[in-house]
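Residue numbering begins at 1 within each chain, and the chains themselves are lettered A, B, C and D in the order written.
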């Protein structure tokens, strides 16, 4: 390769400017690029527009830290380790954040359209719900649908009828406009080929939808190794702009074949961050003044070894389910 | 095989919910299940009367046969024994394509027409409490032939109008006006059915497909129809009550507590004696 | 499993009634279910509506045999073994077939929409070409767009503008309506799970778009074997209705990892079937009066062993390129 | 490194076309190539001045590095050394997403504005000859930043109006009326460029992006501008001729005939002496 795609975590965070629209790999509490989320918080990033197929702890951390102005998605919580997104909920009550609700499939189809270069997607999901209530177009209410913000469509939805087979009402949802996608994966090659293991969630769509894609991998492996079995790779080189090697980058979320979700950590976060003071306290303890290695040291070897997946099972038989 | 039903003191409400939900599945059906109790119910069905059901987890595993209960639909355990492991595009495409027979879902509020709310309590524009949001609830509910909701029964949750229709029931809003219409009118060729049951901690509720109204089907042990009507803010139809909800069998309880959820993550054990 | 999906080739052909709309796995001269194509010709199937992402020798055989009334696709030929589709060309000149032209990406997006349950797809491809010429809507010209044929949309295209980001003119193409897809693959499990090797072309979309999917595999393998690595499987069980075990079912087309294209066979077909008499003669020699084993015997062991792929290379180093 | 150009007797027209086409590629570009001569040209570039080009084959291999020339884009050889092997949805999505720098295509007819026909000769509704049809020609040409066509030069192929616009040039038809407009007007935000070169057996032709008209850039050895103008049915602009097409180098010829196509499947060898 003529130019290396390798950068550091710090540099990766710097790629994401204030006001960027941003998305992540993973699903709820799985494969979220936490090492970078922490770094964004340390760098005090502001005005982010998160566009996520679904949210999770990474949303809660960024929202709690005040990095996010707009969140477009369908769900936030910690699965069985925390029923809902308390930080988002607090900011919504304070009107300190704009939340634009779509359904899960709508968000997915919006990413799929963007990744395929289509202007919008056609679906029949969620007809008749308040997700489609025109009064609840929050970006519209905020006056942000005038075409001046390149991330925001002129309409939340359009409705039309199927002209071809009289299939009835159709919902049109705009393709997402994402500046940066940050992926947290098992393996990336030196040139950017990504091999995912287990469910790949909506990662291929997210990587291609974004203008810039940063891959944070447990390990950077020889490109040649991945190319020996091309049909096992999920994301090709030209979808990837930067790569970072960073083991355990997903903690406290889990990664198939590598480590489990740290349920106790998430429970602790969920329990302590109902208030802004609680969040700030948690951030002082676990984010500020640490780098990724400092964070891992603070977590400690026994904890990380307990989370480590058994490579035959792809999960940890040692980690108690439910974070108990 | 004769069913050996457990006695009231041998099971808890979560056991009853789980078993009642499990019995909604027929063998060979394609079923979409979310995290939590729905997942336990569906895996219970898979290990009892519906060994050939085809399980879809939203995060991207198709026809999965996890030997052990996953902690959530994104868990590594979901992938074990699956026909295909992929991603959300596959899962939602299959749903929209009309291949899903049954969806298992949850909710915070439900109304008489099966509209469910998981988004917020109170006015959406100034909510008392922002909840998780929709997740795949409306998507599965839009496309599956039947959906079953599992809910905690509290009077504040069984309301005439939910604060926010997250997931479409039988009588839904037609935009831009917002007038209520039967879902058949909106979904066109994608109309395949709708909510068929709500299984709460009080009883099992079903819907009249024509009127779209909820009615009480069976009462859980110890609850009477009138009492259950009192537990709803709307005027519940109790004219079609069909006795008591069948209790769990001892075999079902064994599978729940010894095989599926021995660590009591989703379903607590009732201490005997 | 409660019920077996196994059927015979003859039964598979019987699933496809006269007037069915039909599609196939594969790409041009690769992985086409020829054993079944031959059987359809033997059974004298009539009035087929072929809807193909792209055509190939299978199109030429079925068209030459008079099985096809309508062909909707974008390309037909034999790659380097025959420049164009001489049988289709002859039938077009005779007006004995209706050809509806779309672009390759349009056909693919039409299948993708159908497989995802969407009523239509949105794209910007082929704007300004005669593919979009309203005078060239051949099904429309034939009066077939009145809604009475369940396979045929009311419009070949619709045009609209992007309402969301002012991206300009958009082409709407209807989802395909396919009764039966016939796949020709390397491995299928007893319950229908398909593992493809190499490029998978548009097979997953075709399998899901169709109402009935028949998988013809080189081998039926234990379902359990395929489920051990779920992330390597392309098509899940519930997309598959019937399975047939039939080695070399793709001949004369090729199959990654199993056998090469029989270029000499295709060249011979291309050279001999410019006229209907030529086709009929070819069919008497290679189709009628034979079953699949008879066909293989006629081809003979030396020929088939020469085509057999080297399993390390996935192609045959013995088969001369170009069919010489 | 100094280029050692071959002498006229050492190469044939197919060699010249292949090398001229190959030089249209810059290193690190994403290139979409069809079966035949385009595939040889692009692999020649990969093995000479553009080792990091990223090759897409329509059938579904991304960033491929076949050690040996595939016989077609669906060939097993395409997959070797690729970053990802998948299917058409991936390939066309990448194109529509705007990630393709260059497409290499062929054609049966071309007009002065770069519109190309691969569908039929004569009236579409009653054709003299039905050809293969579009294949991915219009799709790649719609979405790539630049496209290069490789064609046999015959007067009947260089026409004022092609029988059927299969693949969009610079001046295309606006439907439903069919008036000609600049492609920029039609493609909106998907406008990224268009045909940049036609490499025929007579010369190399380019296009003025503003007017969309073709002009002669270089003549192949032994052909003069006037002669080439005579080989077109339209009035070819020869005012910008820029000398002779650079011949193949000996190294390029060696790669074509010893590495890529030793069996002369796509490019015949010129017998020396």
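Observations, loosely collected:
Convention: a residue touches a chain if its C-beta (ideal position, glycine included) is under 8 Å from a C-beta of that chain, and two chains touch if they have at least 3 such contacts.
As the structure is a prediction and not an experimental result, all values here were calculated from the model.
Set against one another, B-C and A-B show the most C-beta pairs in contact at A-B. The interface of C-D is repeated, with over half of its contact pairs matching by residue number, by A-B among A-B, B-C or A-D. Our note on geometry: chain A versus chain D, Cα centroid distance of 41 Å, whole angstroms. Between the CA-based centres of chain A and chain B the separation comes to 27 Å, rounded to the whole angstrom. Between the CA-based centres of chain B and chain D the separation comes to 57 Å, rounded to the whole angstrom. Contact with two or more other chains is made by residues 61, 79-80, 85-86, 89, 92, 95-96, 143, 190 of chain B.
Within chain A, residues 117-118, 123-124, 162, 165-167, 198-200, 231 each touch two or more of the remaining chains. Contacts from chain C toward chain A in the complex involve residues 113, 117-124, 147, 153-155, 158, 162-167, 170, 172, 174-175, 177, 196-200, 231-232.
Those residues of chain C lying in contact with chain B across their complex are 1-2, 115-118, 189, 191-193, 208, 226-227, 230-231, 233-239.
Per the touch definition, chain D reaches chain C in the complex via residues 35-36, 57-61, 69, 71-80, 85-89, 92, 95-96, 115, 119, 124-125, 127, 129-139, 142-143, 164-168, 172-176, 178, 181, 183, 186-191, 263-266. Against chain C, the residues of chain B that register as touching in their complex are 27-28, 30, 52, 54, 61-65, 79-86, 89, 92-99, 143, 190. Interface residues of chain C, counted against chain D in their complex, comprise 26-30, 53-55, 73-77, 79-80, 83-85, 88-89, 92-93, 99, 101-106, 108-109, 112, 123-136, 159, 162, 165-169, 198-205, 254, 256-257, 260-261, 263, 309, 313-315, 320-322, 324.
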